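For reference, the structure I am asking about is given below.
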Amino acid sequence: MQTSSDNILSATRIEKGFPGTKALDRVDFHLRRGEVHALLGENGAGKSTLIKCLTGAYRRDGGSMLLDGAEADPRDTFDAQRLGIGTVYQEVNLLPNLTVAENLFLGRQPRRFGMVDTRTMNRKARELLAEYELDIDVTRDLASYSVAIQQVVAIARAVDLSGKVLILDEPTASLDAHEVEMLFRIVRRLKERGLGIIFITHFLEQVYAISDRITVLRNGQLVGTRNAADLDRRELIAMMIGRELATEIHSAHSDAVAGEPRYRFRNFGRRGKIDPFDLDVRAGEVVGMAGLLGSGRTETAEILFGAHRADSGTAEIDGRSVDLSSPRAAIRQKFGFCPEDRKTAGIVGDLSVRENIVLALQARRGWTRPIPRAEQNRLADHYIRALDIRTADREKPIRLLSGGNQQKAILARWLATEPELLILDEPTRGIDVGAHAEIIRLIESLREKGMSLIVISSEIEELVAYSTRVVVLRDHAHVAELDGAQLTAHRIVEAIAATNGREAP
Amino acid sequence: MKQKYLPLTATILIFVLSYALCVAQYPNMLSTRVIGNLLTDNAFLGIAAVGMTFVILSGGIDLSIGAVIAFAGVFLAVVLEHGGMHPLVAFALLLAITTLFGALMGAIIHYLEMPAFIVTLAGMFLARGMAFVLSIDSIPIKHPFYATLKSLYFKLPGGGRITLIGGLMLFVFAVGILIAHRTRFGTNIYALGGGTATAKLMGVPVAATTIRIYALSGLLAGLSGIVFSLYTSAGYSLAAVGVELDAITAVVIGGTLLTGGSGFVAGTLVGILIQGLIQTYITFDGTLSSWWTKILIGLLLFAFILLQKGIIHLSRPERQRA
Amino acid sequence: MIPIMRTYAGRLLPQLIALAAIVVAISIVFPGFLNLQIQNGRLYGSMVDILNRGAPVVLLAIGMTVVIATKGIDLSVGAVMAICGAVAASLITSGHSLAETLLATLAVGIVCGIWNGVLVAVLDIQPIIATLVLMVAGRGIAQLITEGTILTFNDPGLIFIGSGSFAGLPMPLVIWLVFGLLVALLVRRTALGMLIEAIGINRQASTLSGVLTPVLLVAAYVLSGLCAAIAGIIAAADIRGADANNAGLWLELDAILAVVVGGTSLLGGRFSIAASVLGAVIIQAINTGILLSGFPPEFNLIIKAAIIIFILVLQSPRFRTGVSFLSIPKAASKPTEREAK
Amino acid sequence: AELVVGFSQIGSESGWRAAETTLTKQQAEERGIDLKFADAQQKQENQIKAIRSFIAQGVNAILLAPVVATGWDEVLEEAKDAEIPVILLDRTVDASDDLYLTAVTSDLVHEGSVAGKWLVDTVAGKPCNVVELQGTTGSSPAIDRKKGFEQALSGNDNLKIVRSQTGDFTRTKGKEVMESFLKAEDGGKNICALYAHNDDMAVGAIQAIKEAGLKPGKDILVVSIDAVPDIFQAMAAGEANATVELTPNMAGPAFDALAAFLKDGKEPPKWIQTESKLYTQADDPMKVYEEKKGLGY
């Protein structure tokens, strides 16, 4: 056992309850100086809640906490920051209406004669971001930058704030490999300086790449803390989900599907969003979309679904030309769309899980034909069971569910409409290993039933596993299409990285 | 040019354009008198609107300011005329009261998690009710110090005047701009407007900031009340009815979003001037009946908003979803 | 069925308690308050007065509830009342039949609603400002119709709407009861209620789910306009004349207050028509109570403010957690996060 | 050149006010005066703004119907500096009288006492409980008409004001408040007379009295102020007893005084008082109604 002086942060018997849920049940957590400590668990296990209790964002119901050997009880996050705890909370928690520099220095802006010294602040902000190889205009609003850049800014802010402890709650969900590597370099440097670092993620490779120890939570309870080196992957997964996982990700990908394309998009595009592209989708086919952040994958999906109206090109289904000018029009053609930004475009927070699941179906039926309550209950229960959505009951407001479970509920919303073309934008982002595997299995079973899918993902392995074909995007244009033998992770990476000239498929 | 200056620029553009149009029709409107009047007559509204801008930037609203102005006037009249207090002492006392009143509303909004709209609506009833209780009569203020203050003005060529209160308004705007953009408190206000939950996670002292915002609004409403009492040399419990709506309108015309987090204090000044311009134009015209006056004010308001939307829309690459 | 009834009663409990408290308070100050008698074939007494006098605010609150549920607000309802009262009076005095007059007036209310709705849903103007336009201009339009005078009329049919009675109940009360029930059924027996709540909570997500957002938004404002039209007819019929200058003046604030006292959040989302109706009745009970109490009028506003603050504090989430915290020590505390906009 | 006169009107809060506006415009037209009209929407600050822009425009004279008595010194001073005569209409102001040419007004306190005196004479010593419908709380007509009425009643212990509430000068509120008076005073059996600060509230109250099953004008005496057409209809029907006239034609005498002043500098008296004439049911109310009907009330 360790003596307490080796621990920079020790939390004992932390308790936190929400109405109807016991989110944390007497959890112990010890963080040593100079270690990276991964905090793992399924969606809804209580990881974020533990973080929020440690940083004063929630008042804990019980338990105690020592920081650097002294009793610490941050009343709010401001307090925690003063104590030297820097945190990146899950879902980018920065202010889109402030400038990048203001976000970085909020609450501790440099001052001259009592006034904020904007010039110095901006200079310091540029210096700070330079460490992250980010050269952007720090005087612009944060909202004008992509999620990835925002994420880096959030990390930079937290690192700068952390004198003793740095907490990263799923910081890598929207970063690509290059940025992750950069983040790890910084984390290692901080570790050498003797900081304690808590790292939450669902990417197990990253866990093994960076962490020294691993603590696993399940259903709000502590399962155990182990040295990363002593814990193999299978065992770790078993700790997390409480059973063995049959298969994680298929290694072999599905074969190309023959036959006439059902969906035929020609010269489809919108100026300023995505260059005109051609796209065919057959029945029973999964078309993957690969590309770097900001390459235009989301834009492609939004145009296909009518969230943005296309300003050029045609769309045909089974040879007849169709109108896709609005989401309603697309839904009428039996399209479905799970957006990337769950919080702002997916969930309807205050509505219950049941209502969120029936929403699209109800919208399609029109307001005059309400789905009878019994039918709603049946649908909701069915999908809660089928997708294993963890919720106290179907009437719980969806915003109180953990992120992964929200994602599954949105998926259920579209499955309930029995779509023929389902567009999924980053369906596995922020989802735990168990659910990840389930969603991939789901994608495959939907394909086998003859549904067409378009799936956007930043995880290339995953794309290779379930796609019959992969479209590669770069700089807001479709640049390559890979299938059959060409469909390997290596080829995709090559296509993404090719700097100039459009690659022949 | 930066995206976020667009609404402000649009507003200034619209103001300059419409002033030019007015002058083309009534050349007299270019006189220094009109310009001086624009400042003096809108001084109390402008000062209150600065407070309102901060409140709206933080995502809140303050419906109590008109009533607080009325209360201030009656309070001053009562203590000056019946209490024999020196005006400066009375001013200090009054500002302390209204600041406290605002802080109290802020505390209720934050700690009891009640919507600002309702808390300040109750505050409006309370403030005007207090004014009634102090005196239902209108009371003239005849203190010589008032006459002294009013004699302080800067005469412009052509008969116009920049009065003390007009100058005070410009000063308050200047201070407001400094607070908004050059203090941590200012940034915190914008932060609250960007999202309370996020601001809290980022370590913004939400409670203190909320209370200070409404306290500031109360302070400025009190100051506006002092200006109003100087302007009319009287205290009257029915004064300044609906000023909060005028202030909100000015703030919004000035390009600040009612949802909070985005806008400029300087924009509010232009908003005030635009409203003043509309009124001046209507008086210069002088043919409109009571009802056409209202209809025209409504339509011009609509036109301004539409124009602003149009300018912003045309000059911004689209970002919204369908 | 029974659990549904129970959740329903649970939802309305704070309002019912507040109303009961006010009724008790008034009957202490004024003992004759609870008296009811039949006079001229019609129920007569202070309690009936509250329900009768409250009709305009109740009606406005019904429409306002739906608008607020969509995350909007409608400041124009007072002015629309004035317009519709003026239209009704001028049509009936110029010889149109009662049916024509009523239909035309309701149509005017609907047009006003469409105007607001289009500004909000299509032109994407912030609701407060969008409806402020009609609030300012609308009263002018009403005065334009009456030319600033009180347009009196003598049509017995129209007057009946204001002061007649049906089954012993005053007509305004009957009208809001029936209309409120219709609207409540309309939103809860169809999917309208849920779709409106979805829009109010997350407009973007609703649109992406295929909800016809612009149409429903316009519909909400149309309902509000329609409510204001009915309220306007009742207000005019009550005094047998259209008072364009004063009809509905500042009533929008009372309506919004009623919705909030009814517990619907100004941030949109979950709503309850019944609770808003109760809220409006509470507000009218306060007003009538003040009149009956015999205090000098300069105290009216202070009394009203004090009672409203008291009710709202009782209802505030923080206060309720605080109380349960006191009574059940160590109880699980509710999340204290305020949702970001 | 044509005479340009600015007119700053309070607003259009009542039928009486609308009539005053109509008559002022008519009178100006008859005299060939170019009237610049500005509606202040009930706000003093708007009136001050209007006067300032009249000065900036360089009008020949200004008519002002002040919303409140106080707070005019400064702006009137400015008008004086610019040598523009100001005439006050219908209410006077609390300022030194060399700041305006003249004031054409009635005496609000006197109106109240005329109404009170009528009531004292009518009940002739019998005990009588009076209920009072006040105007908008804080407005000068409400304060003065209350004061005048109380003055007339003082010394007559048989008359007692038992309830007094504001009806905001409107019919709706007049009716609502009367309803609660009736409930509060034993179904109206305790009330012998109603005094309303304006006719509109009286008209509303009359309906409430009828709906309570009592006879206005007989069971409860009704006296009010303004003499708008509708009250004459009520008087003709025996439902109202008396009203005190406040003439909406303030502009006629004002223009006459102005013309004389501009022609040969003849200073008019500082106060041109209009008559506060009492009308009762004996004055052929239907005839008065017909006369007044077309005046824009």
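For clarity, chains are labelled A, B, C and D in written order, and residue numbers in each chain start from 1.
The rule we apply is simple: contacts are C-beta pairs under 8 Å (C-beta built on N, C-alpha and C of every residue); 3 or more make two chains touch, one makes a residue touch a chain.
By chain, UniProt protein names: A = ATP-binding cassette domain-containing protein; B = Sugar ABC transporter permease YjfF; C = Sugar ABC transporter, permease.
The model shown is predicted, which means the values in this text are computed figures rather than measured ones.
Chains that touch both chain A and chain C: B.
By count of C-beta pairs in contact, B-D exceeds the other of the chain pairs B-D and C-D. Taking each chain's centre as the mean of its C-alpha atoms, chain C lies 34 Å from chain D. One inter-chain figure worth recording: chain A and chain D are separated by 71 Å, centre to centre, where each centre is the mean of the chain's CA atoms. Look at where the CA atoms of chain A average out and do the same for chain B: the two points lie 44 Å apart.
The set of chain C residues touching two or more other chains comprises 143, 147-148, 204, 207-208, 298, 300, 337, 339. Across the assembly, chain D contributes 12, 18, 21, 137-138 as residues in contact with two or more other chains. Within chain A, the positions touching two or more other chains are listed as 57, 307, 327, 345. Contact between chains, using the touch rule, shows up for A-B, A-C, B-C, B-D, C-D.
Remark: chain C residues 189-192, 194-195, 197-198, 201-202, 204-212, 216, 269-270, 330, 332-337, 339 touch chain A in the complex.
Remark: chain C residues 30, 32, 39-40, 44-46, 49, 53, 143, 147-150, 152, 163, 235, 238-241, 243, 245-247, 288, 291-292, 294, 296-298, 300 touch chain D in the complex. Interface of chain D with chain C (complex): residues 12-15, 17-19, 21, 134, 137-138, 163-166, 168-172, 175-177, 179-181, 183-184, 186, 200, 203-204, 207, 211-213, 230, 296-297.
Those residues of chain A that touch chain C in the complex are listed here as 17-19, 57-59, 61, 305, 307, 327-328, 331, 337, 339, 344-351, 355, 359-360, 362-371, 399, 413. Chain A makes touch with chain B in their complex at residues 57, 76-78, 80-81, 87, 89, 93-98, 102-103, 106-107, 109, 111, 114-116, 118, 139-141, 144, 272, 302, 306-309, 326-327, 345.
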